[in-house]
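Below, each structure is written out as structure tokens.
Next, two complexes with subunit A in common: one pairs it with subunit B, the other with subunit C.
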Partner chain A sequence: MEHLISINCVKLLIATLFYTCVLSSSVEQKIYVELNNTVPCVRLLNATHQIGCQSSISGDTGVLHVLETESDLDWILSSGPHPPYMVIMETAFFNRSVMMRMKNSPRVAGVAVIVSKTGLADHFSPHTTCPNQNTGLYSENNAPELANCNMTVWNPFGNGLSYEDFSFPVFALKDENQTQVIRKCYEDHNLRVNGSAPRYPLCAMQLFSHMHAVTDTVTCMRRTDLQNRFSINPEVLCDPLSDFNVWTSTRPLNSSAKGHVADESVVIAATRLDGRSFFWEQAPAAEGTVSGIVTLLATIQALYPVTREAPPPRNIFFTFFQGEAFDYIGSSKMVYDMEKNDFVIDLNNVHSMLEIGQIGLRRGQSLWMHSDPVSRRNTSVDTEVLNLMKNVNSAAAGLSVKLDQPSFSQPLPPSSFQRFLRAKQIPGLVLADHNTSFNNRYYESMYDDAENMNVTYPPNLSPDEQLVYETEEAKSLAEVATLVARSLYMQAGGENSRLSNITADPKIVAQLLYGFLVQKNNSWFRSLLPPEVTKKGDNSILSSGPPQFYIGLGPRIHGPVHSVTRFVQYILANLTGSVTNLTESQCQNPSEVNTENKDFFSYFWVSGPASVNGTEEPFCVQASVRLSKAVSPAFELLQYGSRDYSTWTESRWKSIRARIFLVASRELEMLTLGVGVAVLLLSLLVTYFISSKAELLFSSARETPTTTY
Partner chain B sequence: MTVAVFFGCTFIAFGPAVALFLFTIARDPLRVIFLIAGAFFWLVSLLLSSLVWFITVQISNKNSASQQRGLLIFGVVLSVLLQEAFRYGYYRLLKKANEGLLALSQEDTMPISMRQLAYVSGLGFGFMSGAFSVVNILSDSLGPGTVGIHGDPQHYFISSAFMTLAIILLHMFWGVVFFESCERQRWWALGAVVISHLVVSCLTFVNPHYQGSLIPTYIILSVMAAWAYLCAGGSLRNLKLCLTCKDKDFLLANHRPR
Partner chain C sequence: MPNEEKLSLCRRYYLGGFAFLPFLWLVNVLWFFKEAFLKPAYTEQPQIKSYVKKSALGLILWVAVLTTWITIFQHFRARWGEVGDYLSFTIPLGTA
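Presenting the complex of A and B:
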């Protein structure tokens, strides 16, 4: 008997050895069509919950059905004869009621949402109605009448889909060609003829997006710690969301001196750098984020010439916070560092704060100055706030921007300023285009893009012409930037006579809008970035299309920092820096050069404008632009269940892919098995019969008598 | 398609071969050895023919579909001829080995006859040929999908399994006829074996019209089965005798020592 086993093992070994040398077989190509551009929804965890989507480890398979009408919904959820179904959802049906019905149904294997503008509802926001309600300023302990949006619902169109936990995979179909392939397969095989059910073989789809983390951040980090400590090959299950904040100041600050700076009074101008949507790494965030970034960058561009000639008494500190969509990661980290004396300034250095919220949808109406009613109960703070408002109002003289204040008891909208107020009562304002609820009908969704902000270009313009074309929106934002710049100059104690010299350039605003909303691979961005980034081509941060503003995890494929953070950093270097004549190696190691001061400045090796004959001459720029780590203090303090700080982590996964193919009926499969078993049994019987009758059957006289069988 | 189809197709393709192995070969170690050696010879022939084919494909123009098809036909013909050449080589080797075995063995009689060697070597060729035909198709049948999204006919797996079944049995019958015709110097029979092998292999070019390739193959299979039965020492009379007086011989057969 051992011969049998050993021989079969040898055969199997030979067969498998030769099999593994064969490339991906053409049989597989006959069966499956791989879908390459997949946009999944992934799992995120915080201290208490998990949100997002999960598939089973070997993928979820379902028969395709396109959800176009209500009767399709009934077919999928109750009457269709071939469950489970993989739902191809038209845009109009991607709302809370349909998704919740799918969530509770065992007949749904997964959902693929067609992302297009046709059929898009008037409003769609998968975020909650009250963003960041648990980590803001207003809570049960502090002003409970203002907490949890009791007074003002900021995002009334929010349906909370991003914060639901789905047990099936949800993918987005953004590529029109791929959607066509899927539709064709559906129309060829799955259409109902005259109301009767379609017949096998049916077109099916399989989605793989298995997430490793479960339950919440506490559980996931505990398991990761166990892996790191006891396993030879540790398997990390989730990673905290982290990136970098970008900051700069009109008077350079010594980055090696931490803590309180004597005789330094600082006015902070802040905005946010990130956005999110239901799907992973998709966040065009036009009105939500880009409007603020572009305005603050234009403000900096307007202020710098004047602050260099006639520096105001107070320093102006500009900062871009990353991770604000996820419970204020960047701002809470900066405040934490300031409290621990681990930052270049501390909270006692801060004189006041001006934050730029969502300002893209003003459309000629007023700009609203939001303030915090709780801190204004303190008279000294109130005086300062009124003073700041006065400065802003007087800065608006001569500009076409109207200003207005919401009612006194209205709380602050969700903003980074709330985290500063939690630590110390600082006077400050948040500028926004809305009064009581957002004007943005697509807040934190995939549809908050250039079109939502009315940034459109005439047809037949080349990319370079589009880059410098000044849309109405660009001019409007330039006006706001001029206003903010002048207000900051006055707030910093500058002279009024200089104010008329402070104007934001609409051309720079137009270029910024084009780069952040339409195409990041443009000539201006390329001239600002280092040569190694511009040369890498498609595989770098300068791939085609607009940038996505999701914060993501730490080190990435393209570099240690997020692409948007890099862009803002290098744009600031261009706008505020000065050219030096250092060589490349000196630029990378400025401490070796005596005349340069690494404590006060950073040095950037940039490409420079592309010349006509293609040769570029890179040069070194010196600027006081810095990055500071934006990871939630909960992860430094190891308080993974913290209620005060953000605890958001993103799960890890092995493979995310999708494919379509045909499936055969269960009856055919069982028939094949039955035929196989019948053939096996029949052959066993016949062979036994023949071998037992061998003497008789093969007993011809021609053979020698000594033969044995 | 799924596990059910995987097992179904495996049983269809390898059922008779495994049954033959279990009942006639497994108990005798000498037969097992010769089976493996036969399989190995087939493998070497495949290696040589694939080497030649690989080189010609690299030299050729990859974009011309007609040239590629021509190369494929050339490859198949070459492979068949090489397989038969290696069968002849194995026959010569076995002839030499038989004399050596007789010298070594302590008994006066040969432990294994040429007819048995013919059967065993044919089955060895068949096993290896079947494995290479169908193993990668079986592994693809494990996934959830079936052939057809690009318009190919749906019964790919089951047709391949039946074709493999036919090929394995055919190799066995060809082995018997081949060795018999070599023993008796009947060169026309040798040629007939080679030609029928060529015909069966070239019939697969008719695919995806599976009826066009499977039905003639099974016809050739039955013809070769009859021929091999006659070569192996059977006759119509024995067959009738066997089928009619089944009970008596069955009982008697069970008492005979094996």
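Presenting the complex of A and C:
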């Protein structure tokens, strides 16, 4: 009987323990409020420096304080009684002077920046004033009077914040609801009452963004190598920035034949595919990048019908370079491949080059044709450049685009063309909407979005109506695209009689602008992409909102190919490809089919437009669109300290998160600890005392049972 | 334990410590300190005393060398760059 009772007692005990263990996590939920939508700033390294932000390995905690006025800044930096502080920074205060004061202060545990348009300054660019100054064409060895922006400061509003090294975490608060939660906690507990300091318990925030890599790329790659060779559980510390360039050509090129192609003269039309900002993976890059991408895509769309009917003597090679924000990763790789005869063409095949820079903020003014004064000292190159300018000028006849040239001695703006000129003096132009300094007041920042490019839609339009609505900007970019297409056709030696047939469609430009600036999950993009991408839901590249143009770490580490690269690849397939009647398995393995040529074409299985009753009919598209690896040659040559090539890497990390909770005063914590230690010592003392006097204390109890028998 | 065995144990630990094993000397000093200095004299005691003294000397030398090296390494490893990394078994993440 007693046996059964004890078994039931044990079962009851186990059941209670089980329930308490399962429910005990709710205590953590009662203390901490997890902030789910976090946008951190991460650490990037190059050959000599580290930039970005770092937190301690167990997070940085600080008492919340909202920075709204100058007196708040004094409170945080000198007079507040509860350091260290976690600063909630209003948009207006996110500038160089405030951040440098925070950087030098030991009283700041971290910064959370509220990202909004209210209070935004007239200009904000965290990039440097002279982008890519060390890896371009102009250096101490080659035209030092033009190097380091001695002649023209391209980004005068640049404050260089992206290139500073902060020892505390900096997060961005983009979600308005989450910011409201934080503000409420602050107002409930941390507000000053009549000028006196707030009392404990106070609202605090903890930010975790511990980065593994330190010092520079050389150190980080060396330590990664050591880990890989000698450690049982190797820990990778950093990864090189890498992705893919996208290229296509009017006459398909044999991708299995590398090196010089006999009798092939190529005109290159290029633009960049990427952008960046202070925070990780945030780069709307509207004026900086999207204007160029959209214009070049529209140019390709305008040229293709005519180049099919009446192919010009020269081939036109279109390319989108990835990674240009980080010392020209994509273009340096392509030039390196061309020099090593590892690409479909080489530098001797290149006749001339036309690059599209930032052209979105023209506002009816002129389009500027930038050229390189150093290579133009050579008369043959100069003649070719003048010829190219003449072609562009005559292509502008009948269009509302005016053209202009900067002064002769002005250097090229930061552009991929500079990397080509480093290898060989090729005649070429860079088209831009600016003369001496960028028109873009938010270059490489989170605020370079659709509004910066004046792409706004009337209210009360459904998403599908917005997709096809032609804004003024769309029409303006379509004009520029027509100009570029006609100039390229003339430069490639095409007949002048065909020029009037080359026009860019403003509807396509409007759809591209909508997809790249406002919403990438739209019906047109969905029809271009493969069915498995459109069906995946939230985790795929078709999540809601505009695409972000940060280069990322490549498919080995970050899942599928970068979203922007995929979009450009499939849009090109749609604009330049032809429909075939291959089945899905034949489309994935075209070498098995005799009529198809894998060397000259790629095959894409796309969804097709969604029909009314929801059924899709995917089909196979054949196009001469290719991807080429865009990773800096420094990583192939293992020259991690290279001065010639980009050496940018991104650190790895374990977890990035943020949470808010209430903290008690230090005195209360010490008191609790002290009481606990005292209870421990007391209990030890009592136990020792009782055990040493055991016979005395318990002997009287033991005697009584014997007396009953 | 008979005194001859104590002497031979003490000698073995003393000799073993020369094989880069300073802990044997530490153990030697701790075990035989009472025997060598606090117990009344017996025949083997002077030899045990000398072994304990020599073990203590070796121990102090080792402690000094190790403390110096560890202090220098911890302080300067970051500054040594490549050499520091090749000398390290585990390198902390995120700090120099």
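By our rule, the second predicted complex is superposed on the first by the 647 of 709 C-alpha atoms of A that agree within 3 Å, B and C clash if a C-alpha of one lies under 4 Å from a C-alpha of the other, contacts with A are read in each partner's own complex, and residues count from 1 in each chain.
One rule holds for everything that comes next: a contact is a pair of C-beta atoms (placed from the backbone, for glycine too) under 8 Å apart; a residue touches a chain by one contact, two chains touch by 3 or more.
Small disclaimer: the values here were computed from a predicted structure and weren't measured.
Once the two complexes are laid over each other on the shared chain, residue contacts for A:594 go to neither subunit B nor subunit C. Of the two partner chains placed by the overlay, only subunit B lies in contact with A:683; subunit C stays clear of it. When the shared chain is aligned, subunit C comes close enough to touch A:222, but subunit B does not. In the superposed model, A:54 makes contact with subunit C only, not with subunit B.
Judged by the touch definition given at the top, the superposed model places A:500 against neither subunit B nor subunit C.
Touch criterion not met for A:118: it reaches neither subunit B nor subunit C. Touching more residues of subunit A than its counterpart among subunit B and subunit C is B. After overlaying the two complexes on the shared chain, residue contacts for A:210 are found with subunit C alone; subunit B is out of touch. If you check the complex, the residues on subunit A that touch subunit B are 3-4, 7, 10-11, 14-15, 18-19, 22, 25, 27-28, 30-33, 61, 185, 201, 203-204, 206, 659-664, 669-670, 672-677, 679-680, 682-684, 686-688, 691-693, 695-700, 702-704, 706-707, 709. Touching subunit C in their complex are the following residues of subunit A: 54, 57, 210-215, 219, 222-223, 226, 235, 237.
Listed in rising order, the residues of subunit B touching subunit A in the complex are 1-2, 4-5, 7-12, 15-16, 18-20, 22-24, 26, 29, 32, 35-36, 39, 43, 109-110, 113, 115-116, 127-128, 131-132, 135-137, 139-140, 143-150, 152, 154, 156-158, 161, 165, 229, 232-235, 238-239, 241-242, 249-250, 253-254, 256. Against subunit A, the residues of subunit C that register as touching in their complex are 81-82, 85-86, 91, 93-96.
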